Structure formats: structure tokens, C-alpha cells
Amino acid sequence: MSVLDPSSGTPLLRIRGLEKAYGQVTVLRGVDLDVAKGEVVTVIGPSGGGKTTLLRCVNFLETYDKGSIRIDGEEVGYQDGPRRAMRSERDLARMRAETGMVFQMFNLFPHLTAAENVMLGLVKVRRKPKAEARAIAEHWLRRVGLAEKLDRLPSELSGGQQQRVGIARAVAMDPKILLLDEITSALDPELVGEVLDVVLQLASEGMTMLVVTHEIGFARDVSNRVVFMADGLIAAAGPPRELFGGAIEVERLRAFLSRFGARV
Amino acid sequence: MGYHLNFNLIWRHFDKLWGGLVLSLELALVSIAIGIAIGLTLAVIHVSGGRIVRALIGAYVEFIRNVPLILLVYLVFYGLPTAVDISYDATTSFVATLSLYAGAYLVEVFRSGLDAVPRGLIDAGKAIGLTPWQRLVHVRLPTMLRITLPALSNTFISLFKDTSVASVIAVPELTYGAQWINFNTFRIAEVYLVVTSMYLATGYAILLALRALERRFVIGR
Amino acid sequence: MLAAILYAIPFLMQGLLTTIVVSLLVVVLSTAIGGLMGIGLVYGPAPVRWLVRGFSDIVRGIPILVLIFFIYYGLPIAGLNLQPFSAAVLALTVFKSAQVIENVRGAIGSIPRGQMDAGKAVGLTFAQRLAYVIAPQAIRRFLPPWINGVTDAVKGSALVSLLGVTDLMHAMQQVIGRTYNALPLYVLGAIIYFVINYGLSALSRMLERRFSYIRE
């Protein structure tokens, strides 16, 4: 089965033979995945399949054991060359700044206001003057519908609002690719919509995204391609119409989708 | 530099150190026993007493906690007998001081332990019709003791270390034993190496024993 | 009795000055040393973690008084001859550093792991994450026990009188040796220690209340 990007040219994100174990437990067993510029790829699959681990490796929040992850041709985490030497802290920070990440549990900095959460990376990493950073933060917070909440602390915001700050914090850095890990699963159902709307909006503007989600409907609407992950492997991949429409015959996928009542 | 460690003289006088260690443990044991009695009594009085009683208990706790132990030891041994007509030997005087000292720390431990008893348990006690006193005896105190067990262990180990201060009024505990050998043999470095190891080993053994005891209590709940 | 107290005050003030100098030195040095070691304990590689853990556990297992004697009498064997004052400051610094290490560990340990990840995700370096993400949050947990620990430095400093350093405690002893008026002087000394330490622990409690209010 081919799981590689059907489009031509070098992909923005290129993962080959990715393997990762936590002690005795192998979590990723050789993942191949490409994401082209401007593409939205969603990852679905059963719990424990390795989706979170995959995303965390792409941002090098986890080390990985074998294989390679390249963003714009540059190896993530390790120096180029035969020896697998870790990049310097400074180098890692620079590369991480080029990928944005939004977390399931928001992970907002509780001591900083919404605007300050967004500004921190702009000022300290991008070295922008405070005023400019503030303007960018205001711009993005307005875009996610939080113009009124600029100077609120995270503890003064609802879950949906916090997560939208999380998104603003990530996109304000102007990342090459945005990584989203189940960003709505800690939210009350009535707050999910407001967050997904923001993501749909970003997708329509051409933001490259790798999205882990349990929202099958959302995956169908937003993705160019859907990847089904189970047991540390990509078991199926294709455009949403094919994957959800039953064109791809994979037993586990069928079982997984039937739980969501999706048409197979 | 040109100094060679020589432990022979230490071993010859080791009975002084061994006897000192035993006395240190005894001092700590007696003091924590009296300290627990003081602490428990005052904690219970504190939760049920009026404002004046609370203020008095607070004054005792704060005074003891904010004055160096060595000063309290001098105060009780040299100071008090000049004002009141009592006399006691150094060991008794030190036990009295360390007990009062332990009591002040334990009031706080027990008080916050009583506060930490989950509301639901107290409500359950109310629901089956226990009086406030019964709830204290049958619900709050037993739960509180379990919560405070680790803090009690830590207090005991601290007290064991604090017994070293008794040497300043010539109570023949471990540190005093070290000083005695020191004055009589001048093997200064050796004696403190040995004594430091003895404090460490004993403290660690106590820690292991108490942790095992705590686990027993928690599992056997 | 009043005459005795009036006679004593200048001596006690002189001693108090030494007590304060010793305490300040110890607090500054131990905060720097213990702070670094504490960060090593939380984020360092395994050998560093073991070393710091070992240092802290051993030091906290030794009575301060024994630590003071050990450093004053024992170090000359290693060719290091310290004056009583330096030995006292060194011993108390070692003792306090172990305490600061545990303060740091407790404060950083209370911060969710996701905070480091989020800091990494925006591309902050380790030092930047520490400075802008971890420290501002950890400081709230660190300050109250740390200030409370300053009282341990002040109380511990009374033991340096045993090396003949003329601190408040030693000054009291000297005056008593001349006037044979023990009780009033001990009480006076106790009051001075009490005022300093009670002030510090009240400050610690105040900060704790203020910060716990912020957190929620």
C-alpha cells in the first residue's frame, strides 16, 4: 500500500522509517509520511496507536530511535551526517520555532496574559520589539475571536478561549507547519465548534497542518488526506472520500470507523 | 598534608561513642513521646477552645519555633534555676527542653492534620449521629494520625539530630562523646569522621524503619 | 536588673551585627549554590542528579553542630586551615544549600510538564524556558519556604558561638560571665532572635497567602 504523498516535488515534512520505543514498549514501528506545503493531513486511529508520539517527535519533544524526520530538507533533532549526534539546544530551539504546536491540555503559561502568552516567543525567539510583538499578538487574538480578552490571565478564560489562545500562540510565530494534537478533546462539547472553526479558517488560508483528531466529521471536512494509524504503523491513508467511503479495504479501519457510526 | 589518619585511639574509646549514641536515641524517644502528648493535647484544645486559649497556644508555638534551640537549652538549664527554686541535672533539663521544643512543632503538625481530614468523612460521621466529641475521637483523630505519620517520622529524625545540642551542657550523648575523645586523644578528624558516619547510619536506619511502619499502616487501613 | 540590661545592650548589638552578617552571607551563598545544584537535580544528566541527591541526603542527615565541628576540625587534615568565622559560614552554607536544593526541587516539581513542552514548542532555548516559563511560576512556590528557611540560618548561626565567634549568642554568654545575671539576659537574647525570625516567618506566611490567591 502506498502511503506516500501523491503530489510531486519535495514535501515540506518528510518522515521515513520512524521508530520509537519507551523502554521495552515499541510505540512507532517504521512510520513513513509526507506532508506537502499547504496540505492538511489528519491522523486518526485507536487510542495508544502512537499519534501523539508521532507529533511530539516531529517537534522533537521526544527523541526518536531510528529513521528520519525532515522539515524543508533539514533533519529534526539530529545533526546531518552519519553519526546520530543531537543538535545543540540553540539549534533545536530555532527548528522548533519553525513548527507550531497546539496541545490537548492547552499548556498556556498561567502567569502570563493571553497577549503575553503569544508575545513570549515573538520577543524572546524572534527578537521582535515589544510593540511589534504586541501588534502581532493583537492581530492573531482578534483573528481567533479574542479581541476582548487580550489582557486576561488563562485562569480567567474558558477552555475554548484558552485553546484559541494556544492556537494564536502557535500561528503567531509564522510556522512552516502547524501540529495539532486532539486540541478539542479536553473541551466541553459546546466549545468544540468555536475552536474547530478557527482551524478550518487557517486551513482555507493555506496553512500546512498535521492534525491528530478524534472528530471524524472534522477530519472529513478539513483534510486533503487522512492517515489511519494503529499499533505504531500507518495502516491506511488516502483522501477523505476514499478512506471514509469504503474504497480502502482495511479491516482495522473498518472496525474503527464503525464505532463512530461513519458510513463505510 | 603530613597528617595520617589513625583510628586506633578512637576504637579504644569507642564505648564512649556507643554509649553516647544510645543516650542520643533515648533522649529523642522520650522527647518525642512527651512532645506528642503536648502536641496532641494542645491541638485538640486549639480546635475546640476559645480565642484566648488559642492565642496562648500560638504564643508558645511561635516562641519556641523562632528561638535557637541552643538558647532554649541554656535558658532552661542555666537561666531558670536562678529565678525559681528548682534544681535538675543536665539530662533532665535537656529532655524537658527538647520535649517542649518537639511539642511546639507537633501542635502545628496535628493541627494541620485535623484540618486535612476530608469533609465527607466528617459529614458521614454526622450522618450516623455522632456527637462532635465522638467525631473527634472516632473520625478525625484516627484519620489525622494516618495523615501525619510521615511528618511524625521526620520530626523524630530531626529530634535525633537535635540531641547533639545537649553536648553544650555536658550531657554525655554522641557529640559530647566525640568532644571527650577529642580533648583526650586529639584525634580530632578521625573522631568527627566516625561520629558523622554514626549519625548518618543511625538516621538512615530510623528512616527506613519508620517508612516501613508507615507503609504497614497505610496498607492495613 | 535594669542596670544589667543597659550594660549588656551595646555588647549584644555588636554580637547581633555578627549574627546578621553570618546569616546574610550564608543565605546569599547557599541560594546561589543550592539554586544551581537544585536545577542540576531536576534537569541535569544522571551523574549530576546522583551527585546532588547524594550531597543533599548526606548533609541533611548530619546535625548542624556536628557539621560545624567537622568542617572546623576536620578540614585542616585536608590542608585547609579555616578561621572560626570562615569555617562557621562554610558549614552553615553547606547545610543551607541542601535545604535550598530541596526548595528548588519542590518548586519546579509543582509545575506541569506541559509547560516545558509549550516553551520548547515556541522555540525557547533551555535557559530561556527556565527564565521566562519555569522561574516565574516556580518562584511562587519557592519563596515562602525559602524565606522560612532563612530563619534556620539565623537560628543555626547561634551555634557558631561554640567556635568562639562573637555573635549574639556568644555576646550573651560573655556578659553573663561578667554579671552573673543569666535569666534576664537569656530572655532578652531570646526576644531579639524571636523578633527577627517571627518577622521572617510572618513574611513567608504573607507571601504564601498572596500566591495561593493568585494561583486560583
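Some observations on this one:
In order of appearance the chains are A, B and C, and numbering begins at 1 in each one.
Convention: contacts are C-beta pairs under 8 Å (C-beta built on N, C-alpha and C of every residue); 3 or more make two chains touch, one makes a residue touch a chain.
Please read all numbers here as calculations on a predicted model, not as lab measurements.
Ranked by how close its mean Cα position lies to the mean of all protein Cα atoms, the top chain is C. Among the inter-chain contacts, the highest number of C-beta pairs connects B-C. Farthest chain from subunit C, judged by C-alpha centroids: A. Chain geometry summary: the mean Cα position of subunit A and that of subunit B are 55 Å apart.
Rounded to whole angstrom, the centroid-to-centroid distance between subunit A and subunit C, based on C-alpha atoms, equals 46 Å.
Computed from the mean C-alpha positions, the centre of subunit B lies at a distance of 21 Å from the centre of subunit C.
Those residues of subunit C that touch subunit B in the shared complex are 58, 61-67, 69-70, 73-74, 76-77, 79, 151, 154-159, 161-162, 169, 172-173, 176, 182-183, 186-187, 189-190, 193-194, 196-198, 201. Within the complex, the subunit A residues that touch subunit C are 56, 59-61, 89-90, 92-101, 103, 105, 107-112, 120-121, 124-125, 155, 169-170, 173.
By the touch rule above, subunit B contacts subunit C in their complex via residues 1, 3, 5, 62-63, 65-72, 74-75, 78-80, 82-83, 161-165, 167-168, 175, 178, 182, 188-189, 192-193, 195-196, 199-200, 203-204.
The touching residues of subunit C, when paired with subunit A in their complex, are 112, 114-115, 117-128, 132-133, 136-137, 215-216.
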